[in-house]
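Dumping the structure here so I can ask a few things about it.
Each chain gets a letter, A, B, C and D, in the order it is written, and its residues are counted from 1.
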Amino acid sequence: MQISNKRWSTDYFFEQRKRVLSMWPTGNGVSLTDAFAYHHAMNPLKNASNKAMEAKRKGLTLMCPSTGKDTISAHTNLLKYMQDEAKVQFVTTYIDSLTRNCKFDVAKQELQKANDTGKPRLNGFPVVEHGVMGNRAVIDALDIPVLLFGPTPDARLTHEIGLAGGHTGYSGGPLISFWNYTKNVPVESIIHNFQYINRLMGHYEENGVPMMYCVSGAMPATSPPSIMVAPEIIEVLIAAAQGVKHVQLNCWVQGHFAQDLAMILTFQKLTREYLDRFGFTDVKTTTYSVSPTGRFPVAHDQVYGLIAYYAVLGVMGKVQLIGSRTIDEAHHIPTIEGTAHSFRCAGMVINMLQNQNFNVLDNPAVKEEAYYMEIEVRAILDKVLELGSGDIVLGTKLAIEQGVLDQPYSTSQLVKSKVLGVKDCTGAARFYDFGNLPFDSDIKAFHLSKIAEREKQLGCKVDYETVVKDLTAVSEGYILPEFIGSSL
Amino acid sequence: MQISNKRWSTDYFFEQRKRVLSMWPTGNGVSLTDAFAYHHAMNPLKNASNKAMEAKRKGLTLMCPSTGKDTISAHTNLLKYMQDEAKVQFVTTYIDSLTRNCKFDVAKQELQKANDTGKPRLNGFPVVEHGVMGNRAVIDALDIPVLLFGPTPDARLTHEIGLAGGHTGYSGGPLISFWNYTKNVPVESIIHNFQYINRLMGHYEENGVPMMYCVSGAMPATSPPSIMVAPEIIEVLIAAAQGVKHVQLNCWVQGHFAQDLAMILTFQKLTREYLDRFGFTDVKTTTYSVSPTGRFPVAHDQVYGLIAYYAVLGVMGKVQLIGSRTIDEAHHIPTIEGTAHSFRCAGMVINMLQNQNFNVLDNPAVKEEAYYMEIEVRAILDKVLELGSGDIVLGTKLAIEQGVLDQPYSTSQLVKSKVLGVKDCTGAARFYDFGNLPFDSDIKAFHLSKIAEREKQLGCKVDYETVVKDLTAVSEGYILPEFIGSSL
Amino acid sequence: MQRSITDFTLITGVIGEDVHVTGIRIMEHALRTEGFNVFSLGIHNTSDEFVKAALEHKADAILVSSLCGHAEILVRDLRSKCTDAGIGNIHLCLGGQLVIHEEPWSTTENRFLSMGFDRVHRPFILPNEAISALKVDLNITQDSVVGQFKSQL
Amino acid sequence: MQRSITDFTLITGVIGEDVHVTGIRIMEHALRTEGFNVFSLGIHNTSDEFVKAALEHKADAILVSSLCGHAEILVRDLRSKCTDAGIGNIHLCLGGQLVIHEEPWSTTENRFLSMGFDRVHRPFILPNEAISALKVDLNITQDSVVGQFKSQL
């Protein structure tokens, strides 16, 4: 499959579209004319892009939980509870993983059981199986924007039905889906599926319906931010080429203030720069921050601490949307109440902090982090563009093969997975193994010197064991494993 | 009663001491020789001053809950649970309020009932009624330092018994006791009682037992920090004159990052300066921060958010000890479990943040706050010294009469209580009424301009109603009352 | 003859060794804004002091605040002292945070009602709610309302 | 004849549409350090793929990881497929986060034991603990221990 970063022709899109809609019977229920009318009739602030842009104008940080239940009534109750009790300003429809993998028949059977028994059977909302009207039943019950949520290689039909069903955005992306959700699906076929989604969103935009596309790049796992930012900017450029106009930048925060804030800044700066370089000057960006996906502490009290901590980070980073793990995270799919408690905790912090305008973004430590992050991201992206002779999509395919784009703990067997992260003695993520990243000796020296400091503190070499322990330290209550249980 | 800031003579102290020990039968059980021996045999890091100084050297932030139960077994269980389950590094013996008011007979009756029924009857540990051995029974069960805790006009006998009983510090002070715990006790008599306590601590120091004295100044209630810092520095100077060598500065944080951090800095800077000015160059200081005493939110999830928020503040302020309200705060005297949950939440945040050395203390907003705070505190203290012809004790008495030292919502009828605080539009505390504070037009203009900004935002004048609402806004989940329930 | 709010006199204060003054200060502010005559005793008052002030000012009600958790010990003799002083029918109202242990509110309420209080308020009662109840208790009808609302007419 | 750890072969992998790979990667690392031969199938494996790999590598055990909450749907046929393939006695071990609802651990454990697993691990089981259990299950005595501990002697 040979693809490029060119805008799809209308013909090509609608030809593809026929096949997509026929993947499952509910596909026939989608009418774009009807969908546009439905969205035009919607309160403008129920549209995700409008609301996120308004938050940006007003300097507000809003909240968005990621949740989903299987049946319509369960999902509606969940989202309404979030809106009314947790006081969040956005909600999402978490797509269940059977639907994400297009196992629509199995998902339908399980949904049937859930409907029959009243007991949950799926780990999210089966968007496709519920059809357009099923989706609208949920959306109509709410006053706030609802996003689709969930990376996966093929969410085309989910988007057809989800967007026509009243969702006004999506969080995911081709690269995160590739790195973290597939075993051997070639990246080009995933990108192709996302070009479809992006083109569909572009089509909505052209018909006066803003659609918010939240890129996600790559899941962190003690990852120096450049290896998350670079794939995210690639996702932005792919989306922009297909006509997406409202992009949200997913800032994966890992708990290190200077590094996380630097990421939030660098990500915005470079996204603007690369968008403009390719002429996408009318694409608007907003930001979203969410805590890392490493294992969470089991004790609620500690998780509350983490949730609040990340809320402080998000507000100080001046992001528009904050996501959050929940107090139930380590145990099971969050209960409605558990999620509400978590967001009420985060909300408390936001409501304390956001009007203070306490600016820490020009902190010297933030600047140091941003300095290296920026040249790292540029080094990666420029190499990708070079490989693709200026085409970011071609370049991405080749860069992955060569490990110029790489991730630790990837689920894909098509990934080098040579790159590895480890923490320095302040808890920032550094490169333990640079793999084939196209970095100069300056960058490498910076990372190695930071690791050397940690080794000095540890009194021994950092090794693979350290790498493993760094991954789960936070779940044991500390940013660094060597401090677990230590005190004066 | 005419007193001054001179060191008491040994004769005078021991003459007073006889009377104090005879206030209640357990007073006879105190032997200083035995007490010194007991303390000398103690593990040095079980001594509060040693441990706090060690934390300062190592740049660590430790935790100290303020708790107390009535019976020996209940109190011991509580403190052991704090040590073992909440993983705090200091604990306190909260003195019950009957004992604080020297109603030893009533306290004893209630204690008896508690012992008989196994149900709590007192709101703290009746230090005096338990006698030296009762106190030691608690201390011996622990591995970490225990402080006495609780302002009150006369804690002399409590100190005799509590310190001989193995406590290695106290949190309170004459001025906080005067402003916030009395109705018409003259300040000079309270200071006299504290000079006794300070002299007793000095005596322990001279005998090789460090004693940590944590001054408290005045309880905040939307209070611009200068009116808390000035009385605290007075308390420090009174203590230093009597030979106290280890002072801890209680930084009452109210939730506004720039202002609270500025307070932590200014407080340390000016304390050192005034101590040195009076020749007390060998007095060592450490810092403590604790969240405000305004009403707390009822919902646990929100309180968790606040607790974590204040922990972030404390670590960013690089304080040595963090106190915290608990999730039970609004409901009842905290349960053991509630307190442990609260500190495990704070601990999570500390363990994430403290090794990052994320320095926000030279933030421009912090500097602006510190600038005015510093000239305000100097203006007050210099006026107090002027009134006392160089004697801070004499000056304090006169300054209170004239409202040069003043507090809003004081419990004392001997206080002008003309001064009032209100929040500005970032949530910082400003002077709504300057009362008779000796401030120049520059300072006043600064506060008035900040209030004018709030008025612009509110679209109306700030009035007494605003003052009242500002006081309880945090308990409703927001730093400013005008945002309660608002959103996009 | 219909008495208007300005004809009603209240004694307010904190009882016992309790220092929590902020809540009752706010109540006093609200009561005064509403039009009541309020004599505030501040903190650290005995039952006798409440009774004495009530006699002196011919008060219609005594509003006692207690937050330190010892209310049960501190307020038990207030009604009998009132009776002894010949004002046995005076309206007695209690608020704050009354007990240190957790128990159903009705248990707390009944405990203090049976000690002779006419009205016992839950923790965190808001000024407006407490005032409405007081007007019912003192038989003050809407017509006699003065103060902030009246003055807006 | 006593078999040493290096003689044991394990198949590891994540079953079904589940992507949670980190936990099993860590287990694999620990198992290899301990001395086992580990063949890792990564994510997205069907029961058939596990059985095929076990046959091919003459494995002593299959270690299945599942975190997405659908384990019940995904693992039910593993034992019967093994039996059909002639390796009905192979040791089957399951770990991860198995159910999406809250229930007593014994209920969860019994559910999967009765589906034919020999060992079902609680969530968050640490590598050392899981390895100890595996050694008991496979009848590996301390004497035959090689790998990190042995090499420290």
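One rule holds in what follows: a contact is a pair of C-beta atoms (placed from the backbone, for glycine too) under 8 Å apart; a residue touches a chain by one contact, two chains touch by 3 or more.
Predicted model only: the values in this text are computed from it and were never measured.
Between the chains A-B lie more C-beta contact pairs than between any other two chains. With each centre defined as the average position of its C-alpha atoms, the distance from chain B to chain C rounds to 31 Å. Between chain A and chain C, the centres computed from C-alpha atoms are 56 Å apart. For the pair chain C and chain D, the distance between mean C-alpha positions equals 69 Å.
All chain pairs that touch, listed by label, are A-B, A-D, B-C.
Every residue of chain A that touches chain B in the complex is listed here, in rising order: 45, 51, 54-55, 58, 60, 62, 87, 89, 255-258, 297, 299-302, 304-309, 311-312, 340-342, 344-349, 351-353, 355-360, 363-365, 425-428, 474, 477-480, 483, 487-488. If you check the complex, the residues on chain C that touch chain B are 17-19, 21-22, 25-26, 29, 42-44, 68-70, 73, 97, 99-102, 123-124. Chain B contributes residues 97-98, 100-101, 103, 106, 110, 119-120, 123, 180-183, 221, 294-295, 298, 330-333, 409-411, 413, 464, 468, 471 to its touches with chain C in the complex.
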